[in-house]
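What follows is a set of notes on a single structure, which appears directly below.
We call the chains A, B and C, going by the order they appear; numbering starts again at 1 in every chain.
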Amino acid sequence: MRARAPLVQCITNFVAMNTAANVLLAAGASPAMLHAAEETLEFTPLAQALSINIGTPSPHWAAGMKAAAGAARAAGLPWVLDPVAVGATSYRQALCGDLLALEPAVIRGNASEILALAGAAARGKGADSADPVEAAEAAARALAQRSWAVVAVTGPVDYVTDGTRAWRVHNGDPMMPKVTALGCSLTALVAAFVAVEAADRAEATVAALACFGLAGEIAARGASGPGSFAVALIDALHAMTPEALDLGARVEPS
Amino acid sequence: MRARAPLVQCITNFVAMNTAANVLLAAGASPAMLHAAEETLEFTPLAQALSINIGTPSPHWAAGMKAAAGAARAAGLPWVLDPVAVGATSYRQALCGDLLALEPAVIRGNASEILALAGAAARGKGADSADPVEAAEAAARALAQRSWAVVAVTGPVDYVTDGTRAWRVHNGDPMMPKVTALGCSLTALVAAFVAVEAADRAEATVAALACFGLAGEIAARGASGPGSFAVALIDALHAMTPEALDLGARVEPS
Amino acid sequence: MRARAPLVQCITNFVAMNTAANVLLAAGASPAMLHAAEETLEFTPLAQALSINIGTPSPHWAAGMKAAAGAARAAGLPWVLDPVAVGATSYRQALCGDLLALEPAVIRGNASEILALAGAAARGKGADSADPVEAAEAAARALAQRSWAVVAVTGPVDYVTDGTRAWRVHNGDPMMPKVTALGCSLTALVAAFVAVEAADRAEATVAALACFGLAGEIAARGASGPGSFAVALIDALHAMTPEALDLGARVEPS
């Protein structure tokens, strides 16, 4: 990652913009946060991966997301979809339907979001999940098979599947959902991992989740609350080495 | 608050978006930061309260604010107005006029903003107040009586009135105005308190102001400047208990 | 700076909004982050300086930038241009062409951006420079002579020129490019310095760069990574005194 410093375009929400860029920088990637349809057709093909998070959508941004995803598909560039609160409004459902048709390489969401995206009943309110990860595993497999995307359901224990293989990632810390935009930033990190490990997008996704969760475990050691935890998480990502990740990753095939 | 975890929709400015979400999470609420008219009519009735801050307005956002406030009023949902720099431009004055007609439950601003909103002469420049809190007390009472809203004027000592009763809140720290978006985040916190203590919106507002100010006092103890202060404030909000708030609140009827 | 507390209007990107406001507050300035064409004609003449950063452009924001720059020029107000990733898309090139015609007092960018703005070949990808500062010195001088603006090329060693005189600023720390939005925030700080030291805009620019770089050096002493570094940088800016700046500035005429 640090040797390649992949250029990752992020179209994300207003809440996550700064945190996602800092997460990418700390991990060794080069973030590019542009979003407008007016310039993305020209820019996206220059990137190594694209991350799209629909957190604070509006018509102009939705147009930019679709233009960027289309440009990525045309250029053979992997892109990652984060369907924030997709079950909350029909506007989000329609937008995600359009984006799914543009063939994301990876989809990352919480259990309620993956359930809603797969067309199942979900109970999420706002951006928080009201469903446990296990409840979304079958939906994740079905969605992966239908969309040809790797699907990651994140929560206390993450579940990743490409429709055939599956993994559970046990890394993470209970403080993580107490800091806003960490899920959104993880999506951007998945895009960076997929950019440098394109041969196996499922394994790249698993590695990104383990890396982020392990950084959270390290950050929690010295933190006194979500404020100091968020600061320490960036420090821990920056200090992460491949050796530390190999030692600390807690991944099991499922 | 933590037991109820109220869903609070925030339409706030680009500067405050991340901080306001983290303040709500640290306090135990569940933030939802969506703003577009295209989806807010469907979403707002699902929330327990709404917070609107006009800090970085534009036509599309203004339309979303009015749609959300209208949906909140129709659903009987309390909403809080933060009229940032309302005296600075006629665009903001017109927007706040439209929003006032949609009956906010609480209005929170600095002295210059409350003076301007009440139609009095104000001297604020940008988002900072140039008037002392005391100079806005009569305007706050008049505005509360005219609008049926609780009005909170924040500054070194805060003043809260529902037009009949009034309180002064002495909590806070001089470092707070040195960190951007803390006033905006306080507005979101007021919405969260009003969501869980709907029976008396004035007392809920007073409690939110005391809680935020007390967290500031605690944060200041170990901080070496506004950077570390902002981090410690989130930690202090997260660690706050009802008992600590009862002990530390410095509120007097006025 | 602290005695004058200049009102600095910032039209910046979504990533930098919060950080830039906190940098201005820590340095003693008063930030105003409004951007819409609908209100900027009325507001800009009230400010003491204007900072425009094109980082996340779109048509509505571009219109606001041009309106604000035009209002600043009409009012004799100095304004600073940050041409983020101008070489990346023709949309950014056209926008910067329009903005250059509105006569910025200072232009600050990395080497790739200044090369692209001056019409030379640049190799930057996204917002990061792929060219060394030295490679952009001749382009900076030519751009300064053509535009009558002070041009600052920032990097490991900064280069500042007004087309006749030139300086190198050696302050800074290798951690600075690992935190997003620091360049954008520096542009806002340059605007604040130019507001209070209008007599010599080149010297004001040099002072802003030295101040920010020195704060970075101080922050690096206790930081364990880019997260804690960003927090400490705000603390260090807030603690900076004119005496400390005089002692720590490492500036040489070129």
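Here, a residue touches a chain if its C-beta (ideal position, glycine included) is under 8 Å from a C-beta of that chain, and two chains touch if they have at least 3 such contacts.
Computed from a predicted structure; not experimentally measured.
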Worksheet entry | Angle, in degrees to the nearest 5, of the Cα rotation that carries subunit B onto subunit C | 120
Worksheet item: Does the subunit A and subunit B pair touch with the same residues on each side or with different residues, judged by whether over half of the numbers are shared?
Response: different
Discussion item. Between subunit A and subunit B, what distance separates the C-alpha centroids? Give it in angstrom.
Written reply: 32
Worksheet item: What positions in subunit C touch 2 or more of the other chains?
Response: 14, 17-18, 60, 230-231
Item to complete: In the complex, go through subunit A and note every residue touching subunit C.
Response: 7, 9, 14, 17-18, 21-22, 25-26, 30-36, 38-39, 42-43, 46-47, 60, 64, 230-239
Worksheet, complete the sentence: Touching subunit A in the complex, subunit C uses residues 13-19, 55-60, 85, 88-92, 125-128, 177-181, 223-228, 230-231
